[in-house]
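Lettered A, B and C in written order, each chain numbered from 1.
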């Protein structure tokens, strides 16, 4: 499998505070990779650094092309869709407008219309609410909307920041099932950051464990899930 | 970095300034005080008068700073409170022969009540809506002062002339110099009061409201009470500044207290640094002296020159004089280390 | 009763002025999320440019279109040169910037064209409209243009991609960047459009209030008030707000004793504030649902 995303010696800073201390990892095309770690380990920062939303140094290559020093909006045009923490819903706009915004960089109008229908098939609840103001959706529905909005880009890589946050366990299962399906059927590579390690490891095929801004462990998701020592010392279950 | 934040709440309009960062260190304070004390001995009366006005505007900017920097509420109506203070003093002095010093606390109380009452409807408004409401107050005030049935007291469009007090106890100093020291004492007293207010329980409540109103109310802060209280205190301090201003200028008239004054005070706050109390005096210096400088550079284009100078200041230090102070501190820290 | 009808009609006529300006206010609010205090001055400057073009012998409509284009470019230039560097500065610092811009434009216009009042032509004529002494053909034309402008803006924001992108950039900039919108240019575009709309407002208002550097001071305040009353997020609300404010102001001046010309503005503002206390998002503003 070819490498889609390659991150080398990534260091990121919030003002004077360094949040990432030379982080390196890679993600192969078509894989579903998860980044695990405790609160404050640097998971969100890693995703934000990939999209240049935080000051960082080091090498980030997407499909062989360097992403450093590009603006967030131009990185998106490479086919990287980022579902931020807090979902980033356009709360004052309708559900359908949110989906249209996901495809705002695309020119194929017919494709956009059919993709909106596809999203409604994936997430029927969005169809029911398509004229509703997105801010009135429940947390779970907004997370579905955020994923659907990201997919409207027809991304090659989707970055998901704690999709399970604040959602009921049943909703999370449902969401993860859909993510797996998208990964398999639509061939979208996914990098998902999670605190819910157990669930993420079930879903993913590759996993990295990150601690205070460094990768401390990497490997096959099943191996990590089966290794009791790792689970106990790093993942806490 | 997985901060436990479900929804990114709307960023507050005024950035958070930590309590300690709102004041000056003891050493610096004493130096500034010494300079303010000695200065009048060496300069002409006109300069002393200007220094008095500087202190008075500084006080008015400080009042706005308590409101905006402290509790996060925005006001374009400070000129109205200033006018009420000025008129209270003028009417008391000229119609009732009240001693000028006594009119100050009275003006403070009147303005506190006025501000507190105005704060009630303002409670439901924020941001641009509050700006518009306070703006309405500022535009209404000069017209209200001109109303016919008040003319007996206010002197209508003509205004009132205020007598400048002599130095008491036969002290050998000019009226201007006496008024300067009198103002200085009042300003320092209010400054110390404000600093302590912001450090107190009420001050913490103001800042909690500024940074996150919902969280503040969840912690048990009576948001309505403290928001109106902030308006009241700010109005009271502005009113005292207005009183002093009336005495110093020796004249009150409706058209001295238009929206232009409110806008000047706002600019003073921004230039001094929102939420940084000592910056108020720097801001006051800006609004007093820079228009004069602009006029000196070009008479016909003085407005444009003023605008350009203002742009220069906000480009160089978008956070106002506070930013300069922080840079200075860091620089001093580095010097000490070497 | 006849007095009432007449005052309402006269109110609608002045209201058209406010509605026009309110549209420009809403436009910039959509783009930058706050009010631009220098907007009236920008409109005034544009109007002077059109006047100057006509002085040089260019016919009205050609000058109109040319001014529109110049204002659009000028608005973008002001944003790129003066306000882009302040993008990361606090909001209140930006407001200070608006005040500075106000001073610069006002003073420059005074120096270039001086402060004497100038006549400004109207393309619609000034005969009574449909036999009414209270509304002239110019004012009717102004109402017509305002409505056309409103329809155009509605279409732009609702049905074009760039309109959607602009709204997104204004409401949640970070998410907008994450779907690939260049938010910085959206802001510049908003400035350009607001400046162009402002220039239309200025050119329509000038025949009524006459052309001079301070012509927009009062108008802008009413425009703000109208926009806030109608709801800052709704161009339709802004126009309705404009007419309402015009009518309000006229009726208050006529029927409330002791309200002369001087107190009209504060009374109108007080009424608007009372409305806001009851309906904080304005009459037609979309109520923003926030989950906390």
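Here are a few things to note about the model shown:
The rule is simple: a contact is a pair of C-beta atoms (placed from the backbone, for glycine too) under 8 Å apart; a residue touches a chain by one contact, two chains touch by 3 or more.
Just so it is clear, the structure is predicted and the values come from calculations on it, not from any experiment.
In this assembly, B is the chain whose CA centroid lies farthest from the centroid of subunit A.
Chain pair with the highest count of contacting C-beta pairs: B-C.
Once the centre of each chain is set as its mean CA position, subunit B and subunit C turn out to be 31 Å apart. For the pair subunit A and subunit C, the distance between mean C-alpha positions equals 43 Å.
Put simply, the C-alpha centre of subunit A and that of subunit B have 49 angstrom between them. Residues of subunit B in contact with two or more other chains: 7.
The residues of subunit A that reach two or more other chains are 139, listed in rising order. Contact of a single residue of subunit C with at least two other chains is seen at positions 290-291.
Subunit B meets subunit C in the complex at residues 7, 9-10, 13-15, 68, 74, 121, 124-125, 128-129, 131-133, 135-136, 139-140, 143-144, 146-147, 214, 263, 266-267, 269-271, 274, 300-308, 310-311, 314-315, 318-320.
Note for the complex: subunit C touches subunit A at residues 161, 164-165, 167-168, 171-172, 174-183, 233, 286, 288-291.
Contact residues on subunit C toward subunit B in their complex (touch as defined above): 34-35, 82, 85-86, 88-93, 95-97, 99-104, 106-108, 110-111, 221, 224-225, 228, 232, 258, 262-263, 265-266, 269-270, 272-273, 276-277, 280, 290-292. Interface residues of subunit A, counted against subunit C in their complex, comprise 51, 53, 71-74, 76-77, 81-82, 84, 88-93, 97, 100-102, 104-105, 133, 135-136, 139, 149, 153.
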